[in-house]
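Each of the next two complexes has subunit A plus one other chain: subunit B in the first, subunit C in the second.
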Partner chain A sequence: MGSIALRGICKSFGGIEVIHGIDLEIANGELVVFVGPSGCGKSTLLRLIAGLERPSSGLIEIDGRDVTRLGAADRGLAMVFQSYALYPHMTVRQNLSFGLENLRMPKAEIAARVAEAARMLAIGDLLERRPAQLSGGQRQRVAIGRAIVRNPTAFLLDEPLSNLDAELRGTMRAELAALHDRLGATMIYVTHDQIEAMTLADRIVVLRRGRIEQVDTPLNLYNRPANLFVAGFIGSPAMNLFRTEARGGRAVLPGGIDLPVPADGPVVLGIRPQHLHPAGPDEAGIPAELRLVEALGAETVLHGITDSGEPLVAVIDGQPAVTRGQRLRLAFDPADMHLFDAGGRRIG
Partner chain B sequence: MTGLKTFITRRRGHGGRWHWTDVASWIWLIGGTILMLGPALWLLSSSFKDPAQLAEFPPTLLPYVQRVAEVEGFDTPLPLYTVTLPGGETRILAQIRRLGANAQMVDPADPALRISVPISQRAPLREIGLATANYTDPFLHFDFFTYLRNSVFVTVTATLLTLLTNSMAAFALSKYRFRGRDAVMLVIVGTLMVPLSVILVPLYSVVSRVGLLDSLWGVILPTIATPTGVFLLRQYMLTIPDELIEAARMDHASEWQIYWRIVLPLSAPALAVLAIFSVVWRWNDFLWPLIVLTRRELYTLQVGLNSYAGELNVQWHYILAMTVVTMIPVVLVFILLQRFITTGIAGAGLK
Partner chain C sequence: MLPFVLAARVLEPVLALWQRRTGHAGMIAVFLIPNMTIFGIFVIVPLVLNLLYSFTGGAEILLEQRPWVGMQQYERLLDCQNHLQPMTCREDQFWRAVHNTARFVLSQVALMVTVSMITALILNRRIAGRGLWRAVFFFPVLLSPVVVGLIWRWILQREGLLNLIVVRLGGDPVIWLNDRFWAFAAAVGVSTWAHMGFYTLILLAGLQAIPRDLYEAAEMDATPPSRVFWRITLPLLGPNLAVVLVLALIRAVQIFDEAYVLTGGGPGTATMFMTQYIYEVGFASFLRNPGLAAAASILMGGLLVVLTLIQLALSRRAERMRQR
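Then we have the complex of A and B:
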């Protein structure tokens, strides 16, 4: 079992509050990703759950049991640190068995668990090496192995892939997903990389300045961002946002596109770059002058600027014949549009 | 070998010519070598000279011993001299005894014939040799082994206790956050500025009151907590990532286990440095043992060496020889532990 609940968690360091009342329920076996810009409190939140920090107020429950006052060791959780934090003076085997020895587990069982974890992670032939003799990916595996042998209620992973090169990161991401499927254990994963978040998560928790902005499945976050911050944070390149004024249920975009909106007053219209396409002759489009054309082969990223000076990014399939400095009109399907009120909250 | 040759003959000047910086660096290096190594070599060479030769002026660079010869009719070998006879002829004669300004000599080849020679006309016949008695006598006739045992006991015990207590203090001061931590650190480092001679009297009365006078523990215990050691270890432990300690905490390690199994092994290079310091300090300690110890059988080597210098008569040959012997452990410690100084193993498991 491994359900985790946070109730009204606040944390301040020396008078500065960094976590402002977080409420969150994590179901058993779920892989939840904390994502957000740096300084948003995602690592602090993970450390609070781990028991490495104590909340200033609020409750942490694991399987319905209040563990707020319990030390890190007694919560039955395992953590994979960003720097891996392998003990440099111990061999891989010693690194894996250190925690079990501290629990005074019989030697035979320690050996069995280490062997099982080594088999699962394919690090069997590295057991007698020291961390310094391992590559980044191997160290990463050992760090995960150290968590697995403990047979924890939940895994906490603090940016575990951030020290790996791009290629290895992709492989390890797939391995982590496979591992989660196999173990079926609860995992909380902290990252600032939205690709990791989108591909791994059952649910994503988007954090900003110590508050939860939105909790939902990856696709719901993408399709229905709850506010401007999530809209801008999830998806790459970021969503195009146009500030405009809605009058009588209609709003006008640059280029004279007139759209029906269920609101009045100042609004923000959002349209993802992937939903823009060159306008046909009869179609209304946003005119823009291209400043940069990034041809990626399968798709082309166009960076433009509208007549009113607002930046506009569009991702077009294939390899359209456009050049820098060219003027282009870009159209979209109104169904793909996102609408936010003046406070940044989603409308509709 | 060729690598060594190219290294030694490397010049800044082109085509094998000497740039002035080559000359300067050679002079500097050779001068430095003489300055650093000279006294030690001089000590070594002098420790093999007999008392008469030590008193000689001008001094000789190498130790010499006088040649002796067995002469029929004499129980002990007689010293040989080169003698200039009145006729201008030089001969090698053995001296039987000296009488005032004359010496009674004998020709080893013709023991029956006695020759009286003015001492200004004879020069000792010497060859390079070692007066090993300087070394053997203290071992055979004095309490050298007792002193050695005491010194070893004091050095080893004090060093182990120093490493243990200082590393525990450094661990607390580097890895725990508590009110007044920096103040405590400041006070500890502040005691660096208080020399032993200032606290000698109060320290003496403390040691006297707890009944440790004239005991080796009275030498050991006041010296084990060193501000240098705490500071050195703390600065090193600050470089051990906190994540390692947090990982150990997640691994159910007790605070003692974190200290003993994680922090201490990772501090090995700093511990080695402190061990070297501590061994040298305790081994060379003179003033404090001299004050605390009064019974001869408790003397450490340094205090024991001092007993060769009597009120009226200093036995330099023994002092020099025993100084060489006393230096050996310190030199060995440096040779064996110096590699630890440069090896840092912490951080290897990170990134």
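Then we have the complex of A and C:
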């Protein structure tokens, strides 16, 4: 089992509250990703769950048991640190077995667990090396191995791939996903990389300034962001947003596109760059002047500016024959449009 | 400022000409020569003179008036039936000083490393007034050794502060500095007090260089505090600890000033150390023997060179480990 519940968790540092009443339920076996910009409190929240920080108020439950006042050692969790935190003076084998020795586990059992973790992570030939003799990816594996050998209730991973180069990060991401499937263990994963969040998570927790903005599956976050922050944070490039006034159930976008909206007053209309395409001759579109064309091969990213001076980004499949400075009209299917009220909450 | 400006104006064309003639290597020589000259006059020349003195005899000061005796001074110093019993040695005072120094080094270095380590561990914790405590422990390092010796003599003398407290508490006064055991203990304790701030600082720097993540990983690994110290802190502090050990060792072998002001080497020869022996034989005693003092200082210098080489090797190792 490995269910985790946070109930009204608050955390203050020196009188400044950084986590404001977080409520969250994580089911056994779930891979939940905490994502958000720097300083949003995602790592603090993970450390609170780990027991490395104590909450100012609220409850933390693991498998229904209140562990709020328990130390990190008594929570049955394992953590993979951003810096890996491998003991530099110990070999890989000693790093893996150190925690088990603390539990006074029989030597044969320790050896068996270390061997199994080494086999699982393909680090068997590295066991007698020290961390300084390993590459970044190998250190990452050892750090995960150190967590695995303890057979924890849940794994806590604090930006574990952030020190790796882009190629290795992709490989390790796939390995982590495979590992989660194989172990079936609860994992909480902190990252600021939304690709990691989208590809790994069963559910994503989007945090901002110590508060949860939305908790949902990756695709729901993408398709139905609960507010403007999530809409802007999830998806790359970020969603195009147009502030306008709805009157009589209709709103007008740049280029005179008249759309029905279930609201009156100030609203924000959002359209993802991937949902824009060059308008046909009889199709309504947002006119824009292209300021930058990024040809990526399979797709092309167009950065433009509308006649009313608002930035507009579109991702077009293939390699359209467009150049910087060209004027273009970009159309979209109204069904793909997101609508937010003046307070930034989703209304349609 | 004006004289410096004028000197620069005058020197500039001379140096420019020198650089054109000799190139890069010549300029290196220009900048090194002043320092090397001072180093040569005040270090190399005395060292060579000292070596020459050690091969001469008599009480005369000027070298040309001293007869050449070859290795006699060394033979005299090393002539012993049993080196562990100074009484059996021809130069028994020297061997008493060697024994005292050895006992001093062993006890003082052990005490110094232990106390510095404990202090560094405490000062590394989040305690109230941590900055103030660090300053308090470092302050004695700033004092002149003579001042240190005098302060503690006033505390430990017959009518000193310590006896005042002992008497107030109903005890009998103790003549601390006239008792062989207490005088030696005072020399060890006072020199430890005077220098521990420096070693504490080195160890504190080492402790602060250990990443906090490692302790958090150990916490997640359910590591008991004693095991954290023995298995994580101590090994990672090893290079700093080794540097502290060797520096303290070198310093302890050189012990002179505080101990001399505090006890004057007494009672008897209980606190006479090698440096004091060299000083007294060379300059202070009625029958002074500069050759014998020079030979003793060469032997002590050899020991210090070995210790310094070890210290350098350990410092380099520490640097390599830090860069890893």
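Quick notes on this structure:
The rule is short, and it goes like this: the second predicted complex is superposed on the first by the 348 of 348 C-alpha atoms of A that agree within 3 Å, B and C clash if a C-alpha of one lies under 4 Å from a C-alpha of the other, contacts with A are read in each partner's own complex, and residues count from 1 in each chain.
Convention: contacts are C-beta pairs under 8 Å (C-beta built on N, C-alpha and C of every residue); 3 or more make two chains touch, one makes a residue touch a chain.
Only a predicted model underlies this, so the values are computations on that prediction, with no experimental measurement involved.
Partners subunit B and subunit C clash in the overlay (superposition on subunit A).
By the touch criterion stated above, A:Gly29 is placed in contact with neither subunit B nor subunit C. By the touch criterion defined above, A:Gly58 reaches neither subunit B nor subunit C. When the two structures are aligned on the shared chain, A:Pro88 is found in touch with subunit B and with subunit C.
Using the contact criterion defined above for the overlaid structures, shared-chain residue A:Arg139 touches subunit B, although it does not reach subunit C. Shared-chain residue A:Asn163: touches subunit B; no touch with subunit C. Looking at the shared chain after the overlay, A:Phe98 reaches both subunit B and subunit C. Stretch 58-66 is the one of subunit B that runs into subunit C, the other listed stretches 58-66, 76-84, 94-102 or 112-120 having no clashing C-alpha atoms. Residues common to the contacts of subunit A with subunit B and with subunit C across the two structures: 50, 52, 71-73, 77-79, 81, 83, 85-89, 98-99, 102-103, 132, 146, 150. Subunit A makes touch with subunit B in their complex at residues 50, 52, 71-73, 77-79, 81-89, 98-99, 102-103, 130-132, 139, 146, 150, 163. Residues 241, 243-244, 246-254, 257, 261-262, 265-266, 268, 345-351 of subunit B are the ones that touch subunit A when the two sit in their complex. Interface of subunit A with subunit C (complex): residues 50-52, 71-74, 77-79, 81, 83, 85-89, 98-99, 102-103, 132, 146, 150. Those residues of subunit C lying in contact with subunit A across their complex are 211, 213-214, 216-217, 219-224, 227, 231-232, 235-236, 238, 324.
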